[in-house]
Each structure stands twice: as C-alpha cells, then as structure tokens.
Amino acid sequence: MKNRNIDTAFLRGMTQRRVSRRDFLRISGLSAATIAFAAACGVKGQSNEGGPLTVEQFWSGKTGKGHINFANWPLYMADGQPELAQFTEETGITVTYREVINEMPEWFAGTFQDLVAGKSIGYDLMVITNGSQFQKYVAGNTLAPLDHSRLPNFAANAADSYKNSSYDAGNVHSIPWASGFTGLAYDPEKTGREITKLDDLRDPAFRGRIGLMGDLQELGNFGLWAVGKNPATSTPDDWREAAAWLQELKDAGQILAFFDQDFIEAIEGGQTWISQAWSGDIFQAQLADSPLQFAIPEEGGTVWTDNMAIPVTAENPVDAIKLMDFFYEPEVAATLAEYINYITPVPGARDKVLAHAEAAETDEDRAYLEELADSVYVFPGASDYATVSYYRAFSSPEEEQEYNEIFEPIVSG
Amino acid sequence: MSLQTAQPPAPTADEQPVDRIRGRRRRPRWGDRMLRIYTWVVILWLVLPIIVIAAFSFNDPVGRRNTRWQGFTLEHWGDAFALPELRRALVNSLLVALITMVVAGVLGTMVGLALGRYRFRGSGATNLVMFAVISSPELIMGASLLTLFVSLGMGRGFVTVLIAHIMFSISFVAVVVRARVLTLDRSIEEAARDLGATAFTTFRLVTFPMIFPAVLSGALLAFALSIDDFVITQFNAGLHFQTLPLWIWGSAKLGLKPEVNVIGTLLFLVGVVIATGSAINARRRERS
Amino acid sequence: MGKRLRAKLAPYALILPGGLWLVLFFVVPMVTMFNLSLSQGDVVGGFEVTWRWDTYANVFENYHTQIVRSVWYGAATTVAQIIIAFPIAYWIATRGGRHKTTYLYLVLLPFFVSFVLRTFAWKFMMADEGFIFGYLKDWHLLPQDFRVLNTSFAVISGLTYNFLPFMILPIYVALERIDPRVLEAARDLYANPAQVFGKVVFPLALPGVFAGVLMTFVPAASDYVNSELLGGTATTMIGNVIQRQYLDQTNYPTGSALSFAMMAVLLIGVFLYARILGTEDVLKAAAR
C-alpha cells in the first residue's frame, strides 16, 4: 500500500487508545515503588565545605595562561571590544568576550551549582550585580578573594564610595564595573507633566500606562520607598506594607506589565508612558533624540553596582585580575563610560572625557562628550547618592525566601 | 514545536476531481468563493509576521534598536553572520538537531518496529510512555529534566540539551514508524525468508527500504522539532550553551536586531526551498 | 540461541535502547520532580525530602487563579482554532484539487521560522504606536486609547496563531478521508447543505478535531512565551509562574508542586473532554 502521509500515521498513533485498566494499575504500582525508593534520596547540600579561601590559599602557585574568558551583560562594551583589543596589544593576553548575562537570577541559577561543586563554568571573569545573588555567591564560597596587590589602578583611581560598599566591604570579592540608578523614566509628551515622585504613579490619568520591573529586588525597593521605608533597613512588616502598596497600584489597573531589560522597548515604543528604568538606558535613548526623561523619585530610588568578580573555579585568575585592573586606568574607564553611559567608578575618567571632547573631530561628538561629562548619571556628585539605597541585603536564605514570597504574587498573581 | 516537515498527502490516483463533490443541486457558488477567499485570508494572516520580519531586515536603524523604519539598507544581509554569538548559536542548533535526528531516528525506529510488529508484555506500558511524552507539556518535561540534572549535580550545557532533545524526539519517530509498520505487507518478507534470507538480510533488503520513507519522515520531524525547540532547551541549556531560539530570545529582548530578522528570513527561505523541492519531487514521483 | 527464543526476545531488544532512554530521561525526572515537590530547602543548603504536602495546598491557594486562567486560555484558543481551521481544512480537502499539497505547504511554511521569532514579530506588530496601529491612530481610524498588546486578547491571539497547524492538519486529514460518495448519498436523500455538514461531515471529522484539540490544548494551556511577550499584568499563566519559580527563584519545591498540579488539571480536562464527546468509541474505530 502506498505510504500515506506522515499526518495520518502520526495522528493515528496519537489518537489510538493506549492502555487498558490492567496496564494502568500495573504502572501505578511500579511508580509507587520507584517513588518510595527515590524518596530516600534528596538533592545534596550545596555549600562548599571547608570555608572561604584566603588570598594566599587561592593565589599561591597560580600563573597566567595567556587567555581569558569574560562573561558580561549586553551593551557593556562597544562592538568589537576596542578596550579588549588594546589590552591584548599591551599585554599579549587574549580575551574571549561573551555577552551571556541577561538577568541576574537566571545567571545565578545557571552557575551556582557548578561553582559550589567545584566545577568550571567556563569563565575567568564575570560581571554580577550586587544583590541577593551576590550574597549567595559569597555565602557559597564561590568567588575568589581578590589579591589587592595586583590591583594598583583600582587602589589609585577608584572613588572612595566604591571601596567600602555595604555589600562587599573592602572589596574582598569584587570591584565595580559600572553603577546605575533605578528611577522613573517618562515621556513628557505623553504624560503632559514632569514625574517626580512614586506617588505620581497613582494618578488615574496614567491608568494602564505604567511599567514596573519584574525583578523582585527592584520592585520591592520602590514599594518600600513609596511607603517611606529605607530598603536597607526594612523589616518583613515593611515588606508587607510595600507589597500592599504595590498590589493596590496593580489592582487599580495602573500597571501595564512587568518588564526586565525590555522596559526600554516598551517606553520607547509608547506602550508605557512611565516606567521603572535604569539611568543609562534612558541616557542612551536621549542621545538618539528620544523625548524620554529620567528622574530619581523624591521618596527614593535604587543604586546598584555591577561588579567584576572571579569565579573560584576560574582557570586563569592571574590574567583576569590584570584585566580587571586595566579597566581602572582613567583613559580606559573614559572610553567605557562613553559607550556604556552608566556611572563609572573612576572619577578621574571625567577629565579624560573632557579631553576627548576638546579633541573631538565633529561638533556632534564634542557636544555628546560634554553632555556625558556633565551628566549626573555618569558622574554623579555626593548629593545624588542621598536618596538612593542599595537592594535589601539578606542575612539568610530563609529571609530571602520570605521576601520573595511576599513580593512574588504581585508579579505572578 | 511545529510540524514543519509533515508531508501532506499527494493526490491519490482514485481521487475524483472536484466535480463529484460540487453537487449538481442547488449548491450556492458564493459558498465556494467565500471559502476560497477565506482560505487566502487565513494564509495571509499566517504569513504576515514573516513578511514583517523580512521587511525589517532591510531597515537601517538609528541607534541600537530596530523599532522604527528608518531607511533601506542591504548591509545586514551582508554581515548577518558577523556576530560571533549568532554563529555559535546557529552551529549549536544545527549540531544538536543533526545528532538528535540520527540518534532519535535509530532508537525511535527500533521502538516503532517493535511496537508495530510484535505483541509483547510491556507494549502497553511503552505505548503509554510514548503517548505521555508526546502529549506532555514541554514545560513539564523541561522542568523535570532540570530537576534530574540538579539532583545529579550535572552541569547544564550541550550534553543536557542533547539528552533532552533525543528524549522528546524518540516518541515522534516511533509513532510514525509504528504506523507504517502496522500497514506493512508481511508476505514479501515471508517470501524473502522462504528464499533463504537471514533475518538481518531480510531487514536490510526488504523491510527497511519499505519503511524508509516513514523513517525519513520521522527523522526529519525530529530535526525540525529540535531546531525550533525553545522551552525545554531554555530549562536545560545552562548559560554558556545557546541555540538559535535561545539567542533570538536573548537578543530580541532589546528590540529585534536586524541580524535576527535576516536569520528569520533566511530560515523561511530555507523552508520555501525544502517545500518546493519536496513538492517537485512528489510530483515527479507521481508521474513515474 | 534457538530461533524461537530469538524471535521472542527480539521486541525487547528493539525497545531496550529507546525505552531505556525514555525511562531515564522522562520517567525518572518525573519522579525526581515529585520528590522535589515534597522537599524543602534552597540552593545553598540543599533540598531535603520532608514529605511536606502543604506545598501543594499552598500552590493551589496562591495560584488557582492562574491555573483557571490557563485552562480558560487553552480552551478559548482551541475553540478559536477549530472555528478558524475547519473552513480552511474543509476547503483544501474538498476543493484543493491538484493544489492541495501547495496549500498545505503555504499553511505550514510560516512555521519554519522560529516560534520565538514569530511571537516577537506579533509583539512588534501589535504595538500601540507601532507601524500598524500607530498609523491607524494618526489617521483617526482608531481611538487613541485602542490597545491590543498587553491584553488577554493578544495572548490568546498569539496562542491561536502559534498552534494553528496542529489543528488544521488533523482536521484536514480526517476530512480528506471522507468518501465523497457518502456526501453524495446524503444529498440524494434530500439533505440540505446544513444537514450534510451537521450530520455527515462534522461527525466524520470528529476524530480529527479531537486529535487537534489534544495537540493544541495542552501546549496552549502550559505555554508561557506568549503570555510573557504579549501579555499584561492580568494575563499571567501557570506556565509563567512555573518558569519564574524554576529559573528565577530556584524555588524548586514550589515549581515542582505547581507542575504536578498543572498536569493533573490538564489531564482531567482532557479526559473530561473525551468523555463528553464520547469519542472513545470513535477513537477505537479510527485506530483500526
């Protein structure tokens, strides 16, 4: 008989009656047995036994291998990675650069198990946000302790505020890559007015036109500021209050959707008029002549830092730390800031940017560079840090779970 | 997943042309025409996103995002493969799909043969598992595999993705082959045996050529499912291993880069080529 | 080894590799997932099976809205697809003539492009100020606050679009098998077109509809991609919740419990549907 088409065959296979009652009982019996057997096993504990390594323990005996694997977020280095090319030229060390980090929780979930088990994740250097995942990395002894004798540029050029942060005092495990503010972006043409506070989000005129972030740490921080509590010192009761405020906002239909990195697409495209946003993205949009404006809410906003860290199973930490220090040369920091448009941890870069502006070939370039040098979102002053806080740091996984359970229903519910 | 390579039936010899069905009684003509228009409208709707994707592959966006039409350019077509991440993802996707096709093809054919030909204890259970795999939500299969790998402390990457793809492809191949084997004419095989051929020779020279079209269909189906898979792969790829759908997902979050549009259009064109080739082939076979 | 023994062992040998693969990577993960659903812990300290059944109670309490919504979206998608697919399948099956194959290819062709990319394309097209609605609004053909993206309508449309071939093909196959003489006989017996459809065509197409429902309801109800890209705050489906629990929160116990809860609900839905339609006998007939 001529071979019928795949569809009939496939469909017949699909729709055929499969199992008799006897088979079913037999199978369920089997499954019960397997379950009972497997119940004896669980998922093994994950933290690295043996405690944290000291600097000497980690670095002794290691030599450079000549090649580094560097994992970073998208849009954190210009296409073609000129800074890396320069590094290779100066030191002979080659770098494979991959923009594989899109969301912190996702990156954490994908790397943590391996690191704890002592396996390589394929990278010598990665850029991770200071947040609950950072703390978990540290708690699991998965980040290499940095040998500051190898970081002269950092010591000389980094801003003081980055040398003793609340999430990594003394920069034991990390040094900053770039910092940013989370605030409110808005399109004045659509909103008709300036947006300056979180309370503005409750205006019925903006019903269904507001975008918030789906990341619970970002979302929670805004909720906490909105009810007048500083996230860094907030308690579970505060969290509940914040969650209630956010839930009210959601129930009133104010929020259109929850976003991650794609908030910028939504507000640029007009889906949202006001959005929780990262400062650098808005700055970049403004450079492309977007009408968007950015503001840190009066009640408060968030500052976060993306940090360079070396995984404890890195194959070539010696060269990786060289690269880390390289980024703290003011000239390099300046070119980075010119692309990234986020806060650079090297204040000295500002002079370099101005020097570039003077040497600029076109008026456009000069105007852009001068705007950059003047921007508080790239070179903020001390006062700009006044009303912002970091993410809530958790002292234990249970605490974090409680936090997540309080805020998750707002996004998933 | 989608049945991209499902082959629709070639017109059979005994199919009466439309006249039989177009009754001679008061069948209104406008009904026919409405249906025809409707069919074309639906086809247009189905193709619409592809047209948009193709159109915006020629866009010349200002800035980093490809959200508004700015100008016509061919440059993205020129350096579509310049992005190393994209190249890597494409290679990964093809590699996984090819290996899946072969392994699942072999394993699935064996299972299909067994189920279609023999009655044995455990055939019911096997059928049940096949059915369960085909009708299980991808989310569940992906998540449960993740829990297995996590329990075993296995790092996620190429191997885990391959394992997952082979897993869900076996059933599809098996079902296709089984359906064919069920309708196989055993007398030819018996004749071969009577003429002294061993079991293996019979299989090689008689059975296999007869079931080959089904095996090929199943294998191609496995290939297509693997190339397009997103959910199961997302759960099991870990973070250094990217397939094409994963890469598209990641980069499209920032607005569809023109390179993504180029790749999409290319995929579509590949499909057109395969479909046309297959149609021409079928027609040629019809004539002979 | 005796010939008879070899013949007896043959099926087991054949299904061994494939079957083993499926047991290891489909059945066992289900078990590990079940274990995890009864566990407590976190990634740093490890998960331990504590037979904590109230995780299940919690997930039903917290997420029953999403579960119901997913079933509703799945059902709506399936119904929409039946309505859209039936006429086109009917037309191609009965009026397609020589071009049947071509039409089917045209229907399937768009699905060559990655599923992820197609959904992004819809997101792009449905944008409030995008190149479709933006212009329509500029020309005042639409009210300024007209919106499609980020609504449940967008999500259901996306789901309907993405899984449409799974409905068209089975219905087409079932319709194509209808012997035209049966229809002629009905007409000879003075049935009007509506009766022909209602009493002859549709019942004969039912196995195809059932297969289509089976292949679209479960994937649609468990999907999360469409909801994530096209949905708003009130369109969260159970798939989204599960995905977040697994990939974002590494809260494996809750994710696993949710997965089983979802599977249970879907299975019940499918069996109920089979019962209501009384299709079990139909299936038996179709299988033969």
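Chains: A, B and C, in written order; residue numbering restarts at 1 for each.
The definition used in the following text is that a residue touches a chain if its C-beta (ideal position, glycine included) is under 8 Å from a C-beta of that chain, and two chains touch if they have at least 3 such contacts.
What you see is a predicted model, and the numbers here were worked out from it, not measured in a lab.
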item: Per Cα centroids, the chain farthest from subunit C; value: A
item: Selected interface, A-B versus B-C, where C-beta contact pairs are more numerous; value: B-C
item: Distance from subunit B to subunit A - Cα centre to Cα centre, in angstrom; value: 36
item: Between subunit B and subunit C, centroid-to-centroid distance (C-alpha), Å; value: 16
item: Contacts with two or more other chains, residues of subunit A listed in rising order; value: 5, 7-8, 12, 14, 16, 41, 43-44, 106, 113, 269
item: Interface hub residues of subunit B, defined as touching at least two other chains; value: 3, 6, 8-10, 67, 130, 135, 150-151
item: Contacts with 2+ other chains: residues of subunit C; value: 27-28, 32, 35-36, 169, 172-173, 214-215, 246-247, 252
item: Footprint of subunit B on subunit A - complex, ascending; value: 1-10, 12-14, 16, 18-20, 23-24, 26-27, 41, 43-44, 74-75, 98-102, 106-107, 110-111, 113-114, 117, 119, 121-123, 260-262, 264-265, 268-269, 284-285, 287-288
item: Complex interface listing, subunit B residues touching subunit C; value: 1-4, 6, 8-11, 16-18, 20-21, 23, 25, 27, 31-32, 35-36, 38-39, 42-43, 45-50, 52-53, 56, 67-69, 107-108, 110-111, 113-115, 117-118, 120, 122-123, 126, 129-130, 132-133, 135-141, 143-148, 150-151, 163-164, 166-167, 170-171, 174, 199, 228, 230-231, 234-235, 244-245, 248-249, 252, 256, 260, 264-265, 267-268, 270-272, 275, 279, 282
item: Subunit A residues touching subunit C - in the complex, by the definition given at the top; value: 5, 7-8, 11-12, 14-17, 31, 34-35, 38-39, 41-47, 103, 105-106, 108-109, 112-113, 116, 136, 139-140, 208, 250, 255-258, 269-271, 397-398, 401, 404, 408-409, 411-413
item: Complex contacts: residues of subunit B adjacent to subunit A; value: 3, 5-10, 12, 62-65, 67, 85, 124-125, 127-128, 130-131, 134-135, 150-151, 153, 155-156, 172, 175-176, 178-180, 183, 185, 213-214, 217-218, 221, 238-240, 242, 250-251, 253-255
item: Residues of subunit C touching subunit B in the complex; value: 6, 10-12, 14-15, 17-19, 21-23, 25-30, 32-33, 35-36, 84, 87-88, 90-92, 94-95, 97-98, 100-118, 120-122, 124-125, 131, 161, 164-166, 169, 172-173, 176, 180-181, 183-184, 187, 193, 214-215, 218-219, 221-225, 239, 242-243, 246-247, 252, 255-256, 259, 262-263, 266, 270
